[in-house]
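In what follows, subunit A forms one complex with subunit B and a second complex with subunit C.
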Partner chain A sequence: MARRYDSRTTIFSPEGRLYQVEYAMAAIDHAGACVGILAKDGVVLAAEKKSTSKLLENTVSSEKMYKIDDHLACVVAGITADANIIINYARLSSQRHLYQYQEPIPVEQLVAQVCDLKQGYTQYGGLRPFGTSFLYAGWDVQYGFQLYHSDPSGNYGGWKATAIGANNQAAQSILRTDYKAEINVEDALKLAAKVISKSMDSVTLTSEKLEFAYLHRTEKGTIVLKVLDSATLDQLLKDNAEPANDTM
Partner chain B sequence: METILAIKLKDVVITLSDTNAGRSIVKMKDDEDKILVLDQHKLLLTSGEAGDRIQFCEYISKNVSLYELRNGYELTMNAAANYIRNELATAVRQSPYQVNLILAGHDSHDGASLYFMDYLGSMQKMSFTCHGYAGYFLLSLLDKHWREGMSIDEGVQLLHMCIQELKTRFIVNTNYIAKSVGAEGVRVVPLNSAA
Partner chain C sequence: MSIMEYNGGAVLAMVGKNCVAIASDLRFGVQAQTLSTNFSKVFPISSKCFLGLSGLATDILTLHQKLVFKNNLYKLREEREMSPRVFANMVASTLYEKRFGPFFSEPVIAGLEGPENKPYITAMDLLGAPVDAHDFVMSGTCTPAMYGMCETLYRPNLEPDDLFETISQCLLAAFDRDAITGWGAVVHILTPTGVISRKLKGRQD
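After this line comes the complex of A and B, so read on.
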């Protein structure tokens, strides 16, 4: 019944659904988990890497975590190749704004522009949607630290804490109970470690399979994205992670 | 060439423009308002080619409004100034806008600020500035009398000094209009009361 209406993005089904968009979102539920937590002095992003092999070269580029500008970073869940296109577009948008206004792009404006791009692929051209969701962490003068989530439909929302990718429902429910409004980055990192460990498939909790980073403001006022090195991350996991195998 | 000038005071920028609108030897209008209220906290003073002035002003004005409607907040002064400069600089190698401008305004980031821009797309953030023939008469006067953090009364006094100088030595006899912009918004400054 659905089969007749799912082959083209640019058409509705009789019930008013866009199947291709929904299928895209389903693809993301199989991707590596990502968690984002907004703290009062920063934003924490954590992600589980799906492709890890001893033979894989540790290059500069990451599979999950990307810097869009000095004040903006994001984590990806979904098709990496699709993500690369969008990241490139986001970086371009950010620099274009900087060129014209001589000021860093406000976070929501960047997210909205990326989402407008994604939306286009659900309405024109007959091309499939992007199979990626993002969590954006950023800072601007207007609203300070912010966390946003966008999905293949081109919809976005601002969040205090959220999760995407595999087992995101479990992750979200833990965040719902454990998130406190005035949390700081240090505690947010601990919470992220706990949450992501519960939504990971594998039993082994080492820094090899994970990427943790946080956006914060230095004393001088510059925004910095700090990626945790493996030693710090291992320690953080050791102290805070609760493997999925443990009963709650 | 028309007179436009702006002076930065403490938390407020005070601006002056002549009200003459003419062609060659004919004075068509003597109550033209050349100080455009760009948004609640910005003034755009323009002088130059008649058609270009209005075209450019309206284009900038509508885009500034669009930004505020889209995002729920006004552009900062720095962003607005650079946006305007960018438009001028992009046009200069195709079909230049023959417009000289002063952007004066206030934002929470920088307080009161003013930017000088010319038709070639150059820009400078200044404490006081003027375009047109006024500069020949007034820059030295402003150099002498301007201080950091002047009050609005001192500013109006300085403005009257400038008008008096122009009335004395400048061949063009015209009326003037003055507006101020600060944290609370834009106000017309009455000039008839003698300083």
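After this line comes the complex of A and C, so read on.
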């Protein structure tokens, strides 16, 4: 059916679809789940780690969570190798802006820069699109805390709460019912624990398979990305997680 | 008129016992006219590394901004701070990149190196040729005067408070021998437990 129109990104199908882009998005639906929740005093990001072999040596502190700048962080779903290229580009883009304007890059501008890069790979060059989606958490002086989602097509949107990766539809429906505006970071962490536990493949709900972090403002006014340590995370999961496979 | 003497200014760094000091004057001026008395030429890079820049003021600012750019990317990729020695190398490379159209600024770097917090100072010319010293380094428009003061007053293994007194006296006396340096000074003492910064008020002329 779609075979004749899906081998190149640079051609439309007769129905007006870009199959390569859609296949890229399908790749992400098999990746580890990620959840983002916007609170009034911060942004919470949670992710399920996929590679947890005991033999694995970690070169970076996180497989899913990345700092782009002091006021910006993101969580990745999809092909890690593709994500590394984009994260590097995002970091350079952020520093270039800081160098030119001597102020931190506004969150939406950074997201737009990354998305413009991703869009290029859907229209010209003949190269395949990036197989990664991101959830960006950031703060700027104009709009405060913000949460964005971008996908391989280069499209992005601002969200109050969203999920990507495996079982994201289930996660999103829970967020739709349980998310309350004016939620604070503490409650957002609890909600994230509940949501991500329900969308995880494995039964083990420990800090080994999960990464939780939140962006918030300290009393001094600096923006900080706080990654939860395993003890705090285990406690949070114990108190708030609900197993995915309830037999009730 | 030399381009290195257009704005004026001076930076000095000294080694003490498990501590380093780095200081600069606070004048910003255009030839004879003083425009600001709050222009510090010392910039923190990390809690254990400070950078001082003398020379043309616009190049001081641009060089600092470029180095912040490179340092931020290093911290994001390496997930650790740059050590003073490595930072000094990066400064030297950055300067040499402009070998045939250089930045008119001569840096001074002071920091505490490694887990043992060994004092480290270095200075380089505008093309990035470094010189490591164990006692003191300086750059600016009154280096002859600063050399004289430091050779006289410096003793090794000074405690932080004594180091502060020594570097302050060297600065203030040297500045008074240069018309385009002075209008106050800022001194930072780096110790393993933290940084102490003080402002000095000298002759306001």
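Going forward, the second predicted complex is superposed on the first by the 242 of 248 C-alpha atoms of A that agree within 3 Å, B and C clash if a C-alpha of one lies under 4 Å from a C-alpha of the other, contacts with A are read in each partner's own complex, and residues count from 1 in each chain.
We take it that a residue touches a chain if its C-beta (ideal position, glycine included) is under 8 Å from a C-beta of that chain, and two chains touch if they have at least 3 such contacts.
If you're wondering where the values come from, they're calculated on a predicted model, not measured in any experiment.
Student: Contact-wise, after the overlay, does A:Gln102 reach subunit B, subunit C, both or neither (first, second, both, neither)?
Tutor: both
Student: Tell me the contact category for A:Ser61 with respect to subunit B and subunit C: first, second, both or neither.
Tutor: A:Ser61 sits against subunit C, while subunit B stays out of touch.
Student: Which partner does A:Leu92 contact after superposing on A: first (subunit B), second (subunit C), both, neither?
Tutor: Touch status of A:Leu92: second partner only.
Student: So, does A:Lys160 touch the first partner subunit B, the second partner subunit C, both, or neither?
Tutor: In the superposition, A:Lys160 touches no partner, neither subunit B nor subunit C.
Student: So in the superposed three-chain picture, is A:Arg128 touching just subunit B, just subunit C, both, or none of them (first/second/both/neither)?
Tutor: neither
Student: Let me test your reading of the model: by the given contact rule, A:Lys49 touches which partner, first (subunit B), second (subunit C), both or neither?
Tutor: Touch partners of A:Lys49: none, neither subunit B nor subunit C.
Student: Just to be sure I read the superposition right, which of the two partners does A:Asp69 touch: subunit B = first, subunit C = second, or both, or neither?
Tutor: After superposition on chain A, A:Asp69 lies in contact with subunit C alone.
Student: Starting from the residues of subunit A touching subunit B, keep only those that also touch subunit C in the other complex, and list them.
Tutor: 99, 102
Student: Would you tell me which residues of subunit C are touching subunit A in their complex?
Tutor: Residues 65-66, 68-69, 72-73, 76-77, 79 of subunit C touch subunit A in their complex.
Student: Mind listing the subunit A positions that touch subunit C in their complex?
Tutor: Within the complex, subunit A touches subunit C at residues 60-61, 67-69, 88, 91-92, 95-96, 98-99, 102.
Student: So in the complex, which bits of subunit B are touching subunit A?
Tutor: Of all residues in subunit B, those touching subunit A are 71, 73, 75-76, 78-79, 82-83, 86, 109.
Student: In the complex of these two chains, what residues of subunit A are touching subunit B?
Tutor: Listed in rising order, the residues of subunit A that touch subunit B are 99-103, 106, 108-109, 141-142.
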